[in-house]
Amino acid sequence: MSAAELRARAAGWIDDRLGFGAVRELMSHKVVPVHAATPWYYFGGITLFLFAIQIITGILLMLYYRPTVAEAFDSVQFIMTRVEFGWLIRSIHSWSANLMIFVAFVHMFSVVFTHAYRAPRELTWLSGIALLGVMLAFGFSGYLLPWNQISYFATKVGTDVAATTPAIGEALARFLRGGEDVGGATLTRFFAFHVIVLPLAAMLLVGLHLLLIQKTGMSTPPWMDRSRVRTMKFFPNFFLRELMVWYGALAVLGALAAIFPWELGEKADPFTSAPAGIRPEWYFLAQFYTLKLIPSHVWFLEGEMVGLLFFGIAAVVWVALPFWASNPDGSLRSRLVTGLGIFLAAYLAVFTVLGYVK
Amino acid sequence: MRLRVMILLALSCALAGAAKDSCAECHAALDGPLGRPATLIKHDIHAAQGFSCANCHGGDPTADDPGEAMSRAKGFLGKVPRRLIPKMCAGCHSNPNVMRKYGPQQRVDQYELYLTSIHGQRLAAGDEKVATCIDCHSVHDIRKVKDGLAPVHPLRLPDTCGRCHADRQRMAKYGIPTNQLQDYHKSVHWAALTRRGDLSAPTCASCHGNHGAKPPQVASVAAVCGTCHVMHLEQYAKSPHQAVFADTATGGCTLCHSNHAIQHPTLAMLIGRNSVCAPCHESGSEGAKTAVQMAEWLNGLDAALQRSESVLNRAEYYGMEVSEPQVRLHDGRENLVKARLALHSFRPAEMHKPVNAGFAIARETLAAGEAALREKDIRRLGLAVSVVFILVTMVAIWALIRRLERNGRVPDTGAARG
Amino acid sequence: MSAAELRARAAGWIDDRLGFGAVRELMSHKVVPVHAATPWYYFGGITLFLFAIQIITGILLMLYYRPTVAEAFDSVQFIMTRVEFGWLIRSIHSWSANLMIFVAFVHMFSVVFTHAYRAPRELTWLSGIALLGVMLAFGFSGYLLPWNQISYFATKVGTDVAATTPAIGEALARFLRGGEDVGGATLTRFFAFHVIVLPLAAMLLVGLHLLLIQKTGMSTPPWMDRSRVRTMKFFPNFFLRELMVWYGALAVLGALAAIFPWELGEKADPFTSAPAGIRPEWYFLAQFYTLKLIPSHVWFLEGEMVGLLFFGIAAVVWVALPFWASNPDGSLRSRLVTGLGIFLAAYLAVFTVLGYVK
Amino acid sequence: MRLRVMILLALSCALAGAAKDSCAECHAALDGPLGRPATLIKHDIHAAQGFSCANCHGGDPTADDPGEAMSRAKGFLGKVPRRLIPKMCAGCHSNPNVMRKYGPQQRVDQYELYLTSIHGQRLAAGDEKVATCIDCHSVHDIRKVKDGLAPVHPLRLPDTCGRCHADRQRMAKYGIPTNQLQDYHKSVHWAALTRRGDLSAPTCASCHGNHGAKPPQVASVAAVCGTCHVMHLEQYAKSPHQAVFADTATGGCTLCHSNHAIQHPTLAMLIGRNSVCAPCHESGSEGAKTAVQMAEWLNGLDAALQRSESVLNRAEYYGMEVSEPQVRLHDGRENLVKARLALHSFRPAEMHKPVNAGFAIARETLAAGEAALREKDIRRLGLAVSVVFILVTMVAIWALIRRLERNGRVPDTGAARG
């Protein structure tokens, strides 16, 4: 029996038992439309790739990280200075987290502008929005873990904002903090969210999201005539292109981590006053800046509460996008949606920059 | 036996009931200066130990009639004359058999020391303006030294001494300066006492003695400073200055460091216009050159260590592992401290060892820091190499795509779904 | 539109998008053979149920647990005394862990005695054995986490044994401990294994194991005539029976946790000498006792090393069971396998009891 | 100025070179007792401060010729007679002007105290067997008190005193006991010193004084003990015993606690055959009843607190949250300590408060523990209820299965796979 024959037989043996044939069959039928907006299809894949990097680097960091007030900062310092390639792993984890959120936003807006959220993809949209929420929660909880001065006070501010939510605010803040104030209990809790609760949620949602995409196929923008749009095979044509993009993302990540290693700052000291210019991570900056602009009292309500109410209503409208984007006659309100998307993207961009500059 | 106990019990109760004190009873009812002692005495350590007014002032506290209670016949002294105060206190405090009852190791040499003090000598010569026991310890409300309200508590003692010694009018006739308190308030010692809260930091009595208060003698200044600054004294004992300074008017440590206004030392003490060496060592002389040399060593070592530190900090910023050289840097700083200490031998040879060791550590840590920075560059090179590999792979994938799609396996043109 | 109609339409809408219909279709075809050995089929399900309980209670414990030498013990004490129902959660987690391993062993032996490992179920057997290994690793790592006197010294002993493995022993022990000795680094590392590395491995393996069972169906013992064995539908007939068994397991767990709360012991003190009678958890006891019986030197080799070599060879033979259990003519060596299974079960039972008594 | 410095420098170097010491030079070369001092002196604090043999023994250390160096004409004293030793040491140690040079607050009362000590009084009366300075401080290698090798270091002092006082032969002619050292070695004080390493624990000198060593007088025993046991003294001062014991031969604290062999106190001191109360208070008398009452209070409170503790421990074992009553239990134990302290007033009224407070806490914590145990039972009830629910559900499922399978939807009889 030649080596090739042996290989073929082994493959056949495994195939009999696992049924890879069915998967291959499915793969060969999956196609991707080819048109001017095709490059936007890559962004979902990049997000997935960065998420995989987060899982791998996150597990490696966990081998050394210790989620207590006394040791958190020192253990991160240990990772960055003593652990072989620890500096690289931690920098990549931090950079990749930020890139992932940025890419996810790009992915969301590309879906909006190509109107890919429309029926029958409502559940895909909802699961995607839920994933974005999970990612923001990852960012918020992960930010605290190094327990440095900036992250400590930013978390204080962040949970204070959460506390002003009408009705459930106080309970929500206490649940997040594990007590009356940000402290050891908060750190333990955020760690648990970050390494087990959110990852489980993310894996389930990613699975659902991919399954739904597999079921409904890739969307073509509504202004194109579907029957005349060319397609390419997902495998290998699209897959190889996606692989190229992933390699590119890896190079960008490595360069960022090596040239701009993520800073650690100073160990948090709850007894000092908050350092000047405390602000949250950039992806919360637009909301943060908006809340700062609202006067402290609007009519008879607290200013922050009004802001949160407004954000809440806006979020509900946004999440429900697939359900109001069609006219009663079934035609798409595409101008309205596009206009709203542009407005939202502009708002986020401008207010993030303003929040950063001011 | 049991009967005896019963009798003794009855007797002592009777005695306790008889411990009458008409002094306190009447004076408590009086206003003004005559009433004050009855109030003050409540905080007095002697009263707490069962002493009464009559123990110092004489008289008969069991008598109700003021005339009888304060009759000279019953030994009433009235206000004790100042010149008699030390002797009166010594009545108990210099009697080992009395003092033993209040503590087996109580000192009994206060009076003896007082007699040798300037205060005691002047009092003996008839000057009643000098300090006696009550001027420092206060009167009627004498507290333990450890009591924070006692005028002789370390935190209050300088002001207590200063009450007289900082009073220009009072000191005029003795022709002694009055700036000691003011100077002392500028000193590192006062800072240690008040800012660091170190109650063992020296106050007036630490150097001058308390009961035997006197300026430290010329030969003993170094010994007095050396009770705390032990290692400096050891170095100074080796110094050529030791014998010379011992015979000058001011003597020892104070010649360079001054006495009451001792400041944190700086290199300006060695070089420049205000150098403390200049008054003796002419500019250009061997001694002046040595001073400049020593200043250069200290300054150079300090700068070298700081440079190493900043390089290491930069390396650490880049995530490099430099904690070992950073610990080593502490040894370097310790050598700087040792060199500053060895300076007090005023022998360059003594300073050589710590200075050289310090410089060696500075070089070693600098090298470690620079190596770490080079390692950082290697990491970036590693990055560049991996980027090249990534790019090559991307190009290869692109070539593969091109080949695949040119081979006729171009994308389908079937209808897209959705 | 009536409520029923509305419900039916909503179900239809979701079904269009998620394709539950296919799953239902699949379910309705799945059957379970009915014969004398059918009760053994329940044990795999019980293991799965206990694993789910471990995940849920484990996540809850993580909200308060702190994996550092300084705080681990105190945080477990805090869980047991201060956290609402913390005593219950921790006791259930500990009891369920032990029950799960016991049930997994029962499941394994039932597979051996009914010869369910045979082709085409080799991969199912292998993934099951891997799952058992993961569970033992869960037990070993989880045992240390409360950082009490017994667990500290048991881990010392356990990693010392690992260190005597030929060739890789030293490196393996250092990798497990994160240093030269059991300490803070070991705790951090075991925690990372316990809460992220092993759970991920377990979830992947459980998925694979279930997928393989789904593909190959339930095995019927070889001594039965397959064509004449009755079957019942998996859903609802078998599923409801399994559900009953799960409820029973839940009752047992609750009773154990409430009547025999899992002890916490004393906080570990590395500076004391090991308390008397230190021994590992019961599932390592048979091997531990065997190693103790081996003289310290056998021929020119260390006694422990000989023991480990022997265990290693036995393990390889056992893992490879499906591959040597058939004669060249394809017939099953069922007597040999049954005999070996009885011997192994007897060895484990006797030596575990001896290890406990001695 | 600079010229003067040069001259002084030259002069002092000449002087330093002249500091010749022929005593040490010759005696170092001698064997046996004549050579020993030259070896010992290396560890002597006086030698370290620049004193030479001649400072005590007289003579001329600059002379090379032994006859000249040790000529009586040059003031050579030879071996100093024992009766002169204290006076010789006092020559410096009682001179404030000398001692000031070595420390501004040095004591100068050692000689004065010695004269009042039994040692000093007997020496004055011509008994040369008593201790002089060198018998305790050693001779030629006199070390600082803090030096662990000094015979007067706290850890060595008892043996130093015992060298004479535990020697039956030596003490025979004074008719005083020799069991003090043996007793002291059994005491809590020696245990504190050696086992707990508390160098402030009392040794012989702490109670008897060092230089003025004397038995504490009857009236001052309480004061001596009270220097450390301050709160016990306060209580004792209120006691009816105070006045009575002050007049007995042994006096104060030692009457119950003994003097040198002080043990950890137990309830056996209050009740039973070996009660320390029994010698005075006849069994059945008011006093004996009070003693029994006090013992019962202490014993009862201790037992009550222990019971609470064990109930709380049981509750904790069952995972119940009892940390708050456990902290409260500390307050209870503190009240037990306070009650033991208040016992020294020998007034039941004084003990009432802490005893009652302690009992209240014991009851309160016991109640908390029992409540926690009841809560545990409630948990088990909760378990029983849930088990019932689970069983009901299981039965329901079984019923469902039966119904499903009876309705014709019995299991298929299709062929099983594989």
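To keep things simple, chains are lettered A, B, C and D as they appear, and every chain counts its residues starting from 1.
Everything that follows uses one rule, which is that a contact is a pair of C-beta atoms (placed from the backbone, for glycine too) under 8 Å apart; a residue touches a chain by one contact, two chains touch by 3 or more.
Source: prediction; values computed, not measured.
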Maximum centroid distance from chain A, chain identifier (CA atoms): D
Whole-Å gap separating chain A and chain B, where each centre is the average of the chain's CA atoms: 59
Centre-to-centre distance between chain D and chain A (centres being mean Cα positions), rounded to whole Å: 66
Centroid spacing, where centroids are CA-atom means, of chain B and chain D in whole angstrom: 29
Per-residue multi-chain contacts in chain A, two or more chains: 120, 216
Residues of chain D engaged with two or more neighbouring chains: none
Overall pattern in which the protein chains touch one another (line/ring/star/complete/other): ring
Interface residues, chain C side, partner chain D - complex: 31, 33-34, 80-82, 87-88, 91, 120-121, 216-220, 226-233, 236-237, 240-241, 243-244, 247-248, 250-251, 254-255, 258-259, 261, 263
Residue numbers on chain D that touch chain C, as the complex places them: 316-323, 379-380, 382-383, 386-387, 390-391, 393-394, 397-398, 400-401, 404-405, 409, 411-418
Chain A to chain C touching residues, read off their complex: 14, 16-19, 58-59, 62-68, 70-71, 75, 120, 122-123, 178, 184-185, 188-189, 191-192, 195-197, 199-200, 211-212, 215-216
Contact footprint of chain B on chain D as seen in their complex: 1-2, 5, 8-9, 12-13, 15-16, 94, 96-97, 100-105, 107-109, 112-113, 116, 205-210, 212, 214, 216-217, 219-220, 223-224, 227, 240, 243-244, 246-247, 279-282, 285
